[in-house]
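I have placed the structure first, in the form of structure tokens, so that the comments after it can refer back to it.
So that you can tell them apart, the chains are marked A, B, C and D in the order they are listed, and the count of residues begins at 1 in each.
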Amino acid sequence: MDPDTWLLLCRTVRFGDTDAAGVMHFQQLLRWCHEAYEESLERFGIAAASVFPTPAAAPAVALPIVHCQADFLRPLVCGDPLAIQLAPQRLDQGTFEVRYSFRSGEVAVARALTRHLAIEAAGRQRCALPDPIQRWLEASALGGGVRPL
Amino acid sequence: MDPDTWLLLCRTVRFGDTDAAGVMHFQQLLRWCHEAYEESLERFGIAAASVFPTPAAAPAVALPIVHCQADFLRPLVCGDPLAIQLAPQRLDQGTFEVRYSFRSGEVAVARALTRHLAIEAAGRQRCALPDPIQRWLEASALGGGVRPL
Amino acid sequence: MDPDTWLLLCRTVRFGDTDAAGVMHFQQLLRWCHEAYEESLERFGIAAASVFPTPAAAPAVALPIVHCQADFLRPLVCGDPLAIQLAPQRLDQGTFEVRYSFRSGEVAVARALTRHLAIEAAGRQRCALPDPIQRWLEASALGGGVRPL
Amino acid sequence: MDPDTWLLLCRTVRFGDTDAAGVMHFQQLLRWCHEAYEESLERFGIAAASVFPTPAAAPAVALPIVHCQADFLRPLVCGDPLAIQLAPQRLDQGTFEVRYSFRSGEVAVARALTRHLAIEAAGRQRCALPDPIQRWLEASALGGGVRPL
């Protein structure tokens, strides 16, 4: 497992992320959350194609977001560096959530959460979480994923 | 006041709003919320330039979002029509939130919320809500804004 | 045919479309182009699901964009109203392009173009344009679609 | 100068970049172009705040995009790695363009171009390119920026 599975260091606030108030437009944070979730899976060794559909193959189980939320603690401007800490947590056999803590330097700038539900992609009925996601959640529970503040 | 200040009828889910799972990508809903908030202000008679900065003029008070959340109840596909019901509510003299209920036909498909804080644009200190926003919130409290389910 | 098949009147520049320079971020224009293309098809009577994939059904022919371009003539700020004129044109039996002229009031503010290629969705081989798209292009050629400046 | 000023290696196609056809939605490529342009300036040693406005300070000269275009050569799916080669070029004393070549592994997948015009931020009159941008363009002309195919 890549040591940076739960702590992603590489993002910078870009010009297109800002709005006319000069700061990050709130909705961009949710995009970064999903990108960080994908990157964490990838660093854990889970291929994108085993979780997310492509024209070549659709995984049997989909993991749509049923809830999201975010708290904005500080304004972010173009060029600000961001580190994103992830804390994924299993809720029950078919549900998990991911908590995200955003820091810029030493300062906490935002927090967010996405909640995901496992469904059969074909019939959209609830089902159990796929094995690779289970293992990723277990690794997080075993201390890999530091709890955000 | 435009009778449709609190109920916006004109949006359709577009192809670019979807992802490879074939349904609306979660983050788009937050974009629609902000667009609905802007459209509601406009229908109430508040000019965009009096609330949102342009190169020509920046309003003295900014209203950044400090919290947002959304619940996704049904998948949305390209071509689905959407109606958005807004219920803005004053929380205290410097804060308000807007609740959004999304329906497609008769079916509730999503709910969301944005919470806004009034700050002086120059120094980013908390301040009172601007008068036009106060009037918009009062009009909503007087029954104009139907409470969402 | 809806008289407004080629002239779409309803868009407003929104806060989330702008960047920290206070004006529309260039990339948003391409999003509006695709939305206008979808709306034009819809007004012509072509259901979204017959052109764009949904989880329930994928059309046999896909129409991916192989080229796009845009010219930005005037800055656009939050609240600016936009009218979009479309001029779709068949290039050959498997290709068409759509030219878009953006006006705000009487002023030309931007021009854009998307070029689309018909391919079999399954094997991604070139094929003929689907019949509904052919009819939409013929209607445009017969004078419905006013040529942009 | 960072050796990777003209060749950016770190992007991956993410789920939110795709649409219901299962491949990258065309408009995302333009976002990546601008992000690559910003990253190249940063690697060359030009601080974001000296080119892009923040609430604290607006540079005297703005560099709006007056033209963009893109060619899409191959479909891109979620998880595809991308390398972006930049070739910035001065056109005259107040204009430059940046050519972008996108590769996934050894395969050319897309090409794009943005053209930028220097204007005084205050009055929006044409002016000369700022010195740091001039140096970045000269470094590219001296062989740093490999011409894309």
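Assume a residue touches a chain if its C-beta (ideal position, glycine included) is under 8 Å from a C-beta of that chain, and two chains touch if they have at least 3 such contacts.
These numbers come from a predicted model, not from an experiment.
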Shared chain contacts [chain A and chain B, defined touch]: C, D
Between A-D and A-C, the pair joined by more C-beta contacts: A-D
Magnitude of the superposing rotation for chain B and chain C (Cα, nearest 5°): 180
Interface residue overlap between copies chain C and chain D, same or different (over half shared): same
Length of the line joining the C-alpha centres of chain A and chain D, rounded to whole Å: 27
CA centroid of chain C to CA centroid of chain D, Å: 25
Geometric centre distance via CA averages, chain C-chain A, whole Å: 33
Two or more partner chains touched - positions in chain D: 15-16, 18, 20-23, 27, 31, 34, 52-55, 75, 77-78, 121
Partner chain A, residues of chain D touching it in the complex: 10, 12, 14-16, 18, 21-23, 31, 34-35, 38-39, 42, 47-49, 52-56, 75, 77-79
Contact footprint of chain C on chain A as seen in their complex: 15-16, 18-23, 25, 27, 55, 77-78, 121
Residues on chain A engaged by chain B in the complex (per definition of touch): 20-23, 26-27, 30-31, 34, 52-54, 62, 64-72, 75, 114, 121, 124
